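Common to both upcoming complexes is chain A, partnered first by chain B, then by chain C.
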Partner chain A sequence: MAFFILRRVGVMLLTSLCLTFIVFFLTNLEPNLEKLAKTQGNARMTDAEVTSWLDRNGYAQPMVLRYGEWLGVLPGWTREAEDGTVTGRCIHGTVTAETAPRFCGILQLDFGQSTVFREEVSSIIGTRLGLTGILMFWVMVVMVPSALIIGVLAGMREGSRTDRALSTFSIATTATPEYVSGVIFITVFASSAVGLKWFKGSAASAMDGVTFENFTLPVLTMALYGMGYIARMTRASMAEVMTAQYIRTARLKGVSFPNIVVKHALRNALIAPFTVIMLQFPWLLTGVVIVETLFNYKGFGWTLVQAASNNDIELLLSCSVVAVFVVLVTQLISDIGYVYLNPRIRMA
Partner chain B sequence: MSSTNPGTGIHHAARMFATEHLAGQMSRREFLSRATALGVTSAAAYGLIGATPVQAQSERVVPPMGGTLRIEMQVLAQKDPRTYDFTQLYNALSGVLEPLVEVRRDGSFAGLLLESWEVNDDATEYVLNLRPNVAWNNGDAFTAEDVVANFAGWCDSSVEGNSMASRLAALTDETTGKIRDGAATIVDPLTVKLTLLTSDITIIPSITEYPAVVQHRDLIGTVPSDHFVGTGAYRMAEYVVGVGAVLEKNPDHPYWRDAYLDRIEFVDLGTDPAAVVAAAEAEDIDMNYDSVGEFVEIFTAIGWEPSEIATSSTVVIRTNQEAEVDGVKPYADVRVRRALALAVDNSVLLELGYAGLGIVANNQHVGPMHPEHAELPPFEPNPEEARRLLEEAGMLDYEHELISIDDDYRRNTTDAMAAQLRDAGIKVTRKIIPGTTFWNDWTKYPFSSTNWNGRPLAVQLLALAYRTGEAWNETAFSNAEFDETLAKAMAIADHDKRREHMRRLQEIMIEEGVVVQPYWRSLYRHVRPGVLNGERHQGDIVNVHYLGLAE
Partner chain C sequence: MDPLSWGAILAQMLLQFTPVWIALAVTLGISRAYKRRLGLYGKLYDSGIGIAGFTLVMFWVYTAVFANMIITHEPLTVISGMKNALPGSPMPDGHEGYGYYLLGGDNLARDVFSRMVMGAREVLKIAPAATLFAFMVGITLGLPAGYFGGFLDTALSFIANLVLAFPVILLFYLLVTPEIVATGIPTYMAAVLFLFPIAFLVVLWNARFFTQPMVRNIYVGLTLALGLWLYSGLAFNADPLGVVSMPPNVLIVFVSVVFVNAPTVFRIVRGIVLDIKTRDYVAAGQTRGEGPWYIMLWEILPNARGPLIVDFCLRIGYTTILLGTLGFFGLGVSPESPDWGSTINEGRRLLSIYPHPALPPAFALMSLVLGLNLLADGLREESLKD
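Now for the complex of A and B:
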């Protein structure tokens, strides 16, 4: 078991290393650096000004060196201006040239500074991930139980009218992308165009406090999309279990149908959906991009969009580290959970 | 000063403008703009034309004290104010930092940190009188030292992206790229004198622009969001880029005039106008920043109050005369440039590109809102002539690539232009570049559209955009006669004499087919009923000190 977890952690580190290098390479291509200089300096700077800006801010060194600095295996750059002021990678905020450490990379747990937000990357990621966490929590609360109920109801009597109706519903919700359902929800439930105005079409106020009014639409938009998928998986698994020999034996013994479903079928039917549900976490983390942008909820997905469109190198790198971390941790949990749900599987 | 009448302190040229306004040769707004730039107070200016000062005040109401206002606006990463490239950067801090002079909605200039100023006859000497009893919120007094330090900062062209340096070229030493010795001198703690080598009438208009906010003398070149030291009535409670900013009234700082609201929240909702409508309907905001295109109607339909202002903001669709495409310079030939202009009906571009919300322009980048505008015969489209010119230049089969940014009105206008060119039998392909990368090469595109913000004087625009070798000269236009005439025009304070030169400049713009400039934009904003003084400003300025909420 310990070896298994260790191996997983090793894979995680290796994946992070590869992914961040790719992100680093792409964000450090010359046109991207030029864009960075222009968003930081002035949108209408001349080429000479761009070169001087890049040089002054440490972007003129070779890419591999700068990747090493970001990792924290090479010392951060320093530069002395004509008037004697020293600037450098590790000098920012309250840290002065004297007190600055030689190395400041993620190995030293320094995630760097965001160029868009002018803030520590770690504090941005912390705040934004927290907000996305709240959204994900409510999405899970709505999505998982309702998906399981729909799946079980549909799967317990395969081919029945309930099954047909619920299956159609699940397929329809999964087939509707969030940017379509979100816009429809806003138009129908939040705008003067239809006039219902039950909820708010903007979740900006939810960042200060979640209410039923401002959070229903974003949660519903995300939950519906994932719900159909989980419900379909649950239905398939449930239908399969219901045809198993031991269920037939139980029926012949005269066990009542509700008892069969709850006591005998459910646990076995939930093994497959469990993996799917765990897979939903990484999907949610990237799926929030659309919903957060649509409803103006400034969480992780929105941060990712801002970082990417402004070529905020260090923020983007940390976002990818977080994404890799979430994917592999949820997969680890799902593998371990599997063992408990299904005693037939043993960890190698 | 030699030019001011000792009895009244009114510049003689201002009296001349008043006569012309009364004779119907100049609109009220133009008159106010011209007269107040010469140091005449707006009340005195209204007096010159027989309007009562009540009318002068009628622009703004006095709101009751207190209240919280939420404004939708992008909250961008702060930077050194000299390098500001978006008005939002200034607006978010307008409760903290103030400029020396402001432009009002009626086009007049009014002193904020300056109480008054005097200009000599040929606009080579400016005496700036500072407002007494103004303090910084760190406790220091605001003095002439601050003003001189700021002028020195503005004139420092070694700072990348410092757009003030080109605006104040008359004070700058060309060899060092810094302020010329003796250009700005302290007369006494509340008086500063500017001495120019050449006449320049654009000094006062230039220091009203949003990068010209005044920083503390020891903090020139710093980013305001690192310290929030300023003269304004508010302090920054929160500033989160991309999310929002909160200004609170500063109880520890005596402000030199009244400020009404207790709290102003800027909410960043991104660039999609639909999201702003959703927030307005959710009652998350009280005022939007900009209503564009079809959204003007939508905001009005949900019961918000519109405000409109006609401006000299515009779009130009221009060719770069030096740009090489596959080894040739297609737009070096004046016949090609003229043909592109002749093939297009500007009124159609206004209708399709900007929903008719503006007035048709005549490809000169000088318009009736500019005091020195010369009336030329309207520009008539002539597709037949366009084809003939192209045939003569051997370019009829050339396939043009027309580039635009990916947004609402600029893309639509450029699409409409492409369609009209195709109708005229000219081959065009369109290329749309996302906003995040469009500005990387904006001056170098061979054939593309650009939006230009308004400036109070036409010569300011022409000098920024069409003078030989200017950083923002995107047409690569270089014409000795144009440069000479422009230099002459910029030295003349009297707009009638300047108009003779303007006529020639405008003719050159047409003869050389420098740009297609289809329309002047009207700008719109909406507020929830009950928001006071939130009207749209021609320069997009939102000065939070004036805002208020009705009881």
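Now for the complex of A and C:
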């Protein structure tokens, strides 16, 4: 087991190294840097001025070197101007040339400065992730239990009318992406022209305090799309368990049907959905971006959109580090959890 | 003229869709009559879910085909005075042509109904083709990875997992920007990805006919000639005849959608191959001295068709959702484009005051994806029966 986890962690590190390099490469391409120079300096810069700006700010080095600096395995660049002022990668904000550390990359937990928000990236990411965490928590609270209930109810009597109805419902939810259900929900529940006006169509006020009124629609929108898939997996798993020999034995012994479902079938039927729920996190990330944009909730997804559309390199890189980290860790947990939960798999 | 009532709007819309109804009736009628001779497709007519899904899908396919006959106005025509007009609003006096905006006007005074209909064409032009390409890539790489195993499998699986670990939305934001298009990366990606269908077909024909060099040469030659002609046009926009071309912004959307989908197909194909290659008929083929590619393409692949067809339907739906996501974030396709994602994106800004421009494309997208999912479910059920 220890070797298995060790190998998985090794692959994970390699993967994240590759992925961050790809993001680094794509954000640091020539046209992107030129755009950055023009937004930071002056929109009417000539090509020569752009080149000198990039050179002054350390963007002229080879990409691999800069990736190493960003990662924190190579010392940050420093540069002495003609008048004696020293600038460098690690010198910003209150840090002066004397106190600046030699290395400043993400390994030193220095995420750099956001060029759009003019703030430390780490503090931006921290607050935004907190906000998204609240959203994710409520989504999980709504999504997982309802998906499991739907799946178990549908799967315990395969082919029955309940099964047909619930399966069609779950297919319908998987066919409704967030930007469709969100638009429909806002029209029905929040539109000022038509509709019921029960909830608010914007979650901007939820950043100060979550209420039923401002948070229902975003949570519902996100939960609905992910729910169908988990429910279908639970249904398939439940239906398979219900045909197993030991369930038949229990029935022949005279155990009542509710008892069979709750005591005998449920535990084994929930192994597969566990993996699916864990692997659902990466999908939720796309959902977070859509829902936060649609409902104007300034969390992690919203920040990612801002960083990407303004080519805020440091912020975008940190966002992708977080995203990749979430994806890989959930994959790891789902693998390990699967082995723990399923007694039929024994690691050699 | 007075605005139309909701009943009248519905009646007018049903009337506009006449060509679609006729085509649907003909298709369903003929298929039903001959369903016993049509294999898996015929068996679909025994399952209620399958037929419902198929009808929904074909509705949108025929809508895309007959879009020119269905639309009431040009999707880009702006008519002053119709800005945010409510559904059923009559045209201002002195206008030729159709008298109403059936589903109202959008923020730029264009007809919502016509844009929704033309949107079907935009979506169905890209989604199935992109899915097909993703399948070609996934199959061409997944077959040898599963069959040979070893280092090839490890390397390809690592790359596939790498792409899968990438959050889709981040990838889109990084790939589908004008700056990236300027560097030519999409063209390089297209150059690599578009090679796979040609490679797939060449290997397919070669494996089948290499004992009959004459036939083989004809097939391979035809594939290469046609394939490379399309390849030059699609990937490099350098078709010597000037017939085939792909606008750069469509190309980048197409390429990124293929790129996102291919690893999943790869994993599915690899998993199926790992299962099937232990069967007796594969061992029999090996004993007969069949080559590895013949076994992969002509023994294993036909036996893997059931799950692959089901996944193909599901994946078209997923690709449609992805295209909508791209449109929703205003990436790639031009802002004028009537595709559903972009229209929803435009409509959402005024959603709480004027919901009518955003809702029709939203329902259209939902019904198409629902149709594809139901179709996949029906196919799965029917293919499991035998």
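Here, the second predicted complex is superposed on the first by the 334 of 348 C-alpha atoms of A that agree within 3 Å, B and C clash if a C-alpha of one lies under 4 Å from a C-alpha of the other, contacts with A are read in each partner's own complex, and residues count from 1 in each chain.
The rule we apply is simple: a residue touches a chain if its C-beta (ideal position, glycine included) is under 8 Å from a C-beta of that chain, and two chains touch if they have at least 3 such contacts.
None of the values given here were measured: they were computed from a predicted structure.
Asker: Which holds for A:309: it touches chain B only (first), chain C only (second), both, or neither?
Answerer: After superposition on chain A, A:309 lies in contact with both partners, chain B and chain C.
Asker: Check the residue A:192 against both partner chains and state whether it touches chain B (first), chain C (second), both, or neither.
Answerer: both
Asker: When the two structures are overlaid on chain A, which partner does A:118 contact: first (chain B), second (chain C), both, or neither?
Answerer: First partner only, chain B.
Asker: Given the touch rule stated above, what does A:205 touch, chain B (first), chain C (second), both, or neither?
Answerer: A:205: touches chain B, not chain C.
Asker: Would you check which partner chain A:268 touches, where first means chain B only, second means chain C only, and both and neither mean what they say?
Answerer: neither
Asker: With the two structures laid over each other on chain A, which partner does A:293 touch: chain B (first), chain C (second), both, or neither?
Answerer: In the superposed model, A:293 contacts both chain B and chain C.
Asker: Between chain B (first) and chain C (second), which, if any, makes contact with A:45: first, second, both or neither?
Answerer: After superposing on A, A:45 lies in contact with chain B but is clear of chain C.
Asker: Under the stated touch criterion, which partner chain does A:330 make contact with: chain B (first), chain C (second), both, or neither?
Answerer: Neither partner.
Asker: Once the two complexes are aligned on chain A, which partner has more residues of chain A within touching range, chain B or chain C?
Answerer: Comparing chain B with chain C, the partner touching more chain A residues is C.
Asker: After lining up the shared chain so the two structures overlap, which partner does A:31 touch, if you call chain B first and chain C second: first, second, both or neither?
Answerer: both
Asker: Determine where on chain A the residues touched by chain B overlap those touched by chain C, and list them.
Answerer: 31, 35, 186, 190-192, 201, 293-294, 309
Asker: Under the definition above, what is the set of chain B residues touching chain A in their complex?
Answerer: Answer in residue numbers: 77-79, 83, 85-86, 160-163, 223, 225, 240-243, 267, 269-270, 275, 277-279, 281-284, 301-302, 436-437, 439-440, 442-443, 471-472.
Asker: List the residues on chain C that touch chain A in their complex, please.
Answerer: Spelled out, the residues of chain C in touch with chain A are 49, 158, 161-162, 165-170, 173-175, 179-180, 182-183, 185, 317, 321, 324-325, 328-329, 341, 344-345, 347-348, 351-355, 358-359, 362-363, 365-366, 369-370, 372-374, 377.
Asker: Residues of chain A touching chain C in their complex?
Answerer: 11, 14-15, 18-19, 22-23, 26-27, 29-32, 35, 167-168, 171-172, 174-177, 179-180, 183-184, 186-187, 190-195, 201, 282, 285-286, 289-290, 293-294, 301, 304-305, 308-309, 311, 319-320, 323-324, 327-328, 331
Asker: Mind pulling up the chain A residues that touch chain B in the complex?
Answerer: Per the stated touch rule, the residues are 31, 34-35, 38, 40-46, 49-50, 52-53, 115-119, 186, 190-192, 197, 200-202, 204-205, 207, 214, 293-294, 296, 298, 302, 306, 309-310.
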